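Consider the two complexes below, in which chain A is the common component and chain B and chain C are the respective partners.
This part shows the complex of A and B:
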C-alpha cells in the first residue's frame, strides 16, 4: 500500500535535518570555508598528516588482526560445545556495552607502568601504554565484537554437514576451511572488516586514555581534531574531520553496494 | 566383502546408541538400514564414514580396516539428507571438488564431471548454483559429487526425506538405476518402509541401536523372525497360541505347525503372523479348499475405504481367549480382533459393520520362539535392586527378552521413575539387547497385574524384603489372576547352576516340572526333582509318585536338562529347606494351586513357609487344575 500525502515525510525530514543531515553537511561547509588553499595547507602540516596516517595504519592493523581473531573466536564458539561457552559468548560481546573511556582506564590499570601486568614489563623497558601499541590494544578491544557479530551468525547457519561432506569427499581440515567455510563467510568477513575499520578510524574515548595524546607519536585523527578544536584552531580541526568523514562515507557506501550485490546473487 | 561391521558399539554419554552391530554388505549390493528415529541407523552410517568414532568394534571397507582412519582416507561417498551442496560453487564445481582435491588432471576432470551430470540426469545444468536448482536436482548433484572419485562405498543418509512424494519416487527410480549401472556397494538409511522394500537387495531392521533382522525384502515382510519386525514393517495380525502336540492351539481352533517353523517347546507360546491381505473374508461359509485355514465366524466392526483397498477390522467370535499382540485391541474389547484388507472394488455392503462373515487365512507364518518373556518389577527398593540383578542375570544366561517395569503414584513422580529405569536399562543393555523399560502411572500391584496380562509375559520377577513373611498381595494376585509364574527374590544371587524342583505327584505336579525344566534348559542349569512323601502313604500312592518322577525325569532329559530324583519323608518344609541349603541350590521351584480348583493341595501350604524360610530366589508356578 502506498500512502499519498507528504505530511509524514516532511515531519521525518524536519526531525532528521537538525539531528543527522545538518551536522554531516556542517563538517564540509566549515572545512571549505577558508578556501581550498587553506585546506591543503592545513592537511599538509606534519601533525595532521601524521594523525591521518597513524589512524589509517591503526585501523588497518585492527581490522586485519580482528578479522583473524574474530573469525577464529566465532568458529570455536559456533562449532564447539564446551562448558562455559554461553558465558564466553556474552563476555566477548561486552566491549560494545562498556563506555570506551572505561575501557581505556582498565587498560591503563592493566598495562600501565604500575598496572597489574605492566609493572613486570616496565623493568624490561616495555611500555605498551602511551605508545602506538597501547592504541592498537585499545582498538582491538573496542572493536572485537563487530567481527564476531558479522561472522558468527553465518557460521551458526552453516550446518556441520557441509564440513562433513567436504571431509568425506577427501578434503583436509585446511582445504575444507579454505574451499568450503571461507567462501561461505565471505560476505560476513567483508562487512565485519569494514565495520571494524570504520569504528577504529573514529575511536576516541579509549584512545584518549591510553595514548597520552602525544603529537607525532600517538595522536590519531580524532585526537588531533579534538586537540585543535580545544586550541581554537577550528580550520585545522574541520579539515581533518572532513577527510575522516569522507573516508567513512566511502567505506560505508562500498559496504552498502557490496551487501546489495550479494543480496541479488543469493 | 565391501562393508563389514564387527561388533560395532557407540555411546553418547551414558546412552548406548549402537549396540554391538555386526553386518556384512556384499560387493555391489544395495543394503538398507530401516529404523525409526533415534534407532541409531544414522549413527552407524556416520561411524562408517568416519565422522564419528566407535567405542568398540571394527569397520572393514573393501578388506581394509578403516576403524582408526580419518574420513578423508576412507574413500566413501556420503549423501546427506539436507544435500549440503556447497552454495558458492556451481553444480559442476561441486561435482569436481573431490577430483580437484585429488589433483586429477583437468581434462580427465571435465570428462568425468560431464559423464556424471549425464548419469544423474542434469545434463546442461552444470553452471547452476544450488539456489537455482530444485531439491531433487540438488540431491542429484550431491549424488554425483559423492560418486565423482569412484568411492568403494556409497552411503546415503535419508537421502529422499526432504523431497515431496512425487520427486521421491523419481529419485528412487534413478538411484536404483545408477546403483545397478555402477555396481557400487551402497548402504542407505531410511525410516520409510516403502522405500526400503522398493530399493533394497537386503534390509536390516534396527531399533534401540541393535540390528534385529537382516534379509531380503520378501523375507522380512513375509517371514520375519521377531515380533518387533513383524509389527514394524507393514500391518500385521500377530496372535499367540500354544504349541500342543505338533499343532498350534488357537482358542477353539487349531492350525498345523508348519514344517519349517522354528522349534517350539511343548506348551510354550507360539506367535503366528498373517498379513491383512492374507485374510479371506466372505459372507458365505468357506469351503474347505486346500491351502485355506478357516478361523471361524466373525463380523466387521469397522470399515475404511482407501482407494485400491478397503480395510476391515473384524471381531472374531471363534477366537475368544486368543491373545492378540497386534492389532492392539480397542479399549474395553474382550473378543479378539483381526485386520483384513480386501480389494477396493468388492461390494462394500457385504462387509458393513455387524454383518456376519466367515473368516480364514491363506497363509501364516510362525515367529521365532521368544524365549521366556520376563517382566521384572523394578520398583525402587531400599534394599537395592535384587530383583533386577537376578532377573537380568537369568535373562542374560538365557538370552531372553526383558521388560523392566516401574510404577509411580503421580504424574510428577513418573519422570524420576523413568530416569531411574533408563539408567538401569543402560547398565544392562550391552548384555541384554532386548531389554525394554517402561514406567506406568498408577497403583503398584494393579499396574503389574495389568502389564503382566497385556504383555503375555511368561515370568514375573518380584522383589521381596528379607524380613517379609510369606507371599505378599502382589504375588498372590499374579499367581491367581494372571496365572503367571512368579520369581520372588530377596537378595542378589550371581550364578544359577542347580535348580531344586519340588514336585507333587500326578497332574498338578507337571506344571512346575515343565516350567522349571524350561527355565533350567535356558540358563543351562541341572535339575533335582524333590518329592516329599506323605507319612503313611499307601503303596499305590508311592507307586504313582514313582511313576510321576520317572516321567518327569525323562521329559527333562528330553529337553536336554540333566536331572536327578530325590524322595524324602515329611515334614515337607523342613526337608525342602534343608535340601536346598545343603545341596547348595541356586533356585527353588515350587507349585501353587490354581484358585479355582478349590481342592486343598499340600503345596498351597508349602509356598508360604518356604518363601519365609529361605533367602534363595523362589519360583512359584501356578498349577493347572
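This part shows the complex of A and C:
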C-alpha cells in the first residue's frame, strides 16, 4: 500500500530544495545565462568537445574493466576461504575513504617519470602518467569499490544450494558461474556498472594529479570545468557542467525505469 | 510475462529510444576517428603557463602562431596547454609533465626547476630579453569611488583599512607584491626602517589571505576588505570586458613583474625542435608582443606600450634587477624581512 500523506513529502522537498535541487538548478540557470548562442559556441569549441568525448571514453573503459575485475574480486572474496580474506575485503574498499587527491599523488609517485616504478619505465619510452593511460589507471582505482559493493552482497546472500545442485549434476565451476550465479547477479552488475560509469564521469581529484590537465590530450569534462572556472569563464564551465549533469540524469533515470520494469515483470 | 499491444509498443519505443541514445553518444565519441573526418592535428606543442596567461595565449597568440606556421610550412600545429598557478605548474614539471615550453610568473620558479634537475642550467638567460616575455605592474584595487581615499601603498598602513593579500607561501603574485610594498618606501625615503614600517603596516591590515592572486581577487570581489594588491593586467582586462567593479589606484612607485619563458629541452624530441624554436621566437615578435599589450600586459618593446592608452602612469617603476635579482630579493626581503620579522610581529 502506498501512503498519500502530503506532510512527509513536503517536508522532504523542503529539506532537499536548498540541499540538492537548487544547486542542481543553478548549474542550468548559469549555463543558460549567456543565451543560447553562447551555449552553442562553448559546446562546439574543440576543447569542450574533446573534454566530453574523453570523459565518456574513459568512463566506458573504466566501467567495462571494473565490471569484470570487480565481479571477479567479489566472487573470490565471497566464495573462497583463505588467510587474510577479511583484511583484503577491507583494503579493496579503501579507495572510497581515501581522498582522491592522495590517490592521484600516490599513482604519480609510483608510475610518474621520477616515481618508484616509473623511473625504470621512462627510459624505455613508457610513460603512463600525464597520458590517457594514467587517467584510466586513476579511475579504475577510485571506482573499484562500487562494483564490488553492488555485486558482493548479492553473492553473499545467494543460497549455496543452487550451486551445489549444479555441481551434483556435473556442472563445472565455469558453467555454474555462467548459468547459475551470473543470472542472479544481473541487477547488481547493472547498477554497479552504471554507478562506476557515473562516478568516473565526475571524477576530479585523482584525475587532476595524474593527467597533467592538458587540453586536447588528457583534459576530462570536470577538469575543463575547473580550468574554465579558474579563468573566470563561468558560462563555459556551466555549459559543460550542464551537459554532464543532463547526461547523468538520463543515465540514472533509464536505470530506474529499467529496474522497475524488471521488478514488475518478475 | 504478457503485454497488451499498447504496452508492447511502449517497450519497443523505450528500447528504440535507448538504442538511439546509445548510438548518438557513440557517434559523438567516435567522430574524430571516423574516416573522412580529420579533426586530429598532425603536430602538437605542449605549453604550461601560469594562470593569467591562459586567455591571451589560447585566444590570440597561439592562433596567430598557428597561422604563421601554416603559411611557412603548410603544417597544422595544435596547442596542448595547461594553465594554473605558477607554483603548481612548476611542481608538475618537476614531477615530469611533458611540457616543452613553460611561462612562469617569476624567475624563482625557474630556479626551482634548475635545482630539481628539470632544467640543466639557467637556460632562459640565453633567450631574448633574458627570458622575460612581458611585464605588468602591481597596483591597488579599491572599492568604487575609493571611499577610503587610498592613493598609494602608504595609505594601506592606516588603521581601519582592510587589505586582501594572496599568500606568499603559495602565490608568486604575493611575492611580487611584498617587494613592491617594501621597496617603494625605500625608494621614497631612502630609509630601511621606514620601508620596514610600511611593509609591517600593510601586513597589520591584512584581513584575508588567499592561496593565489586569483583567489585573492575572488575574495575581494565577494566583499572582503577595502583594498587588493594585484596585477594591473587583470584589472585592465576586466575593465575592458566591463566586469571591473572597482577603481584602479596607481602607486607612485611599484614593481613590474617579469614573466619568464623556459624551454624544457629534455622534453623536446628532435622532430619537435623546429616548431618549438619557431614558437619561442614568435613570442618576442612584434605581432605577438602587440597582442600581449591588447590583453593588458606591458610589452618588453617599449614603443608598443605607448600605443595602449589604458596603461596608467607610474612615476617611478622598478624591476627586480634593481633589488639585485630574484635570488637576492628572496633572501634579503622575502625571507629575512617579511618571513622572519614582519610575519612574526604582525602575527603577535
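FYI, the second predicted complex is superposed on the first by the 242 of 266 C-alpha atoms of A that agree within 3 Å, B and C clash if a C-alpha of one lies under 4 Å from a C-alpha of the other, contacts with A are read in each partner's own complex, and residues count from 1 in each chain.
Convention: a contact is a pair of C-beta atoms (placed from the backbone, for glycine too) under 8 Å apart; a residue touches a chain by one contact, two chains touch by 3 or more.
From a predicted model like this one, the values you see are computed outputs, not experimental measurements.
K.L.:
Looking at A:230, would you say it contacts chain B, chain C, both, or neither? Reply first, second, both or neither.
P.N.:
The second partner, chain C, only.
K.L.:
Give one of first, second, both or neither to describe whether A:257 is in contact with chain B, with chain C, with both, or with none.
P.N.:
Only chain C is touched by A:257; chain B is not.
K.L.:
Between chain B and chain C, whom does A:22 touch in the aligned arrangement: first, second, both, or neither?
P.N.:
neither
K.L.:
Let me test your reading of the model: by the given contact rule, A:213 touches which partner, first (chain B), second (chain C), both or neither?
P.N.:
In the superposition, A:213 touches chain C alone.
K.L.:
Pick one for A:168: touches chain B only (first), chain C only (second), both, or neither.
P.N.:
A:168 sits against chain B, while chain C stays out of touch.
K.L.:
If you stack the two complexes on chain A, which partner ends up touching A:126: first (chain B), second (chain C), both, or neither?
P.N.:
A:126: touches no partner chain.
K.L.:
Pick one for A:53: touches chain B only (first), chain C only (second), both, or neither.
P.N.:
second
K.L.:
Which partner, once the models are overlaid, touches more of chain A's residues, chain C or chain B?
P.N.:
C
K.L.:
For chain A, what residues appear in both contact lists, the one with chain B and the one with chain C?
P.N.:
Dual-contact residues (chain A): none.
K.L.:
Give the list of chain B residues in touch with chain A in this complex.
P.N.:
Within the complex, chain B touches chain A at residues 49-51, 70-72, 74-78, 80, 82, 84, 86-89, 97-98, 101-102, 131, 142, 145-146, 149, 155.
K.L.:
Mind listing the chain A positions that touch chain C in their complex?
P.N.:
46, 52-53, 56-57, 60, 108, 112-114, 118, 122, 127, 129-130, 212-217, 219, 227, 230-232, 250, 254, 257, 261, 265
K.L.:
If you look only at chain A, which of its residues touch chain B in the complex?
P.N.:
159, 161-162, 164-172, 175, 179-180, 183-184, 186, 266
K.L.:
Contact residues on chain C for chain A in the complex?
P.N.:
For this pair, the touching residues of chain C are 1, 11, 14, 18, 21, 25, 28-29, 31-32, 39, 44, 46, 51, 54-55, 78-84, 92, 94-98, 214, 243.
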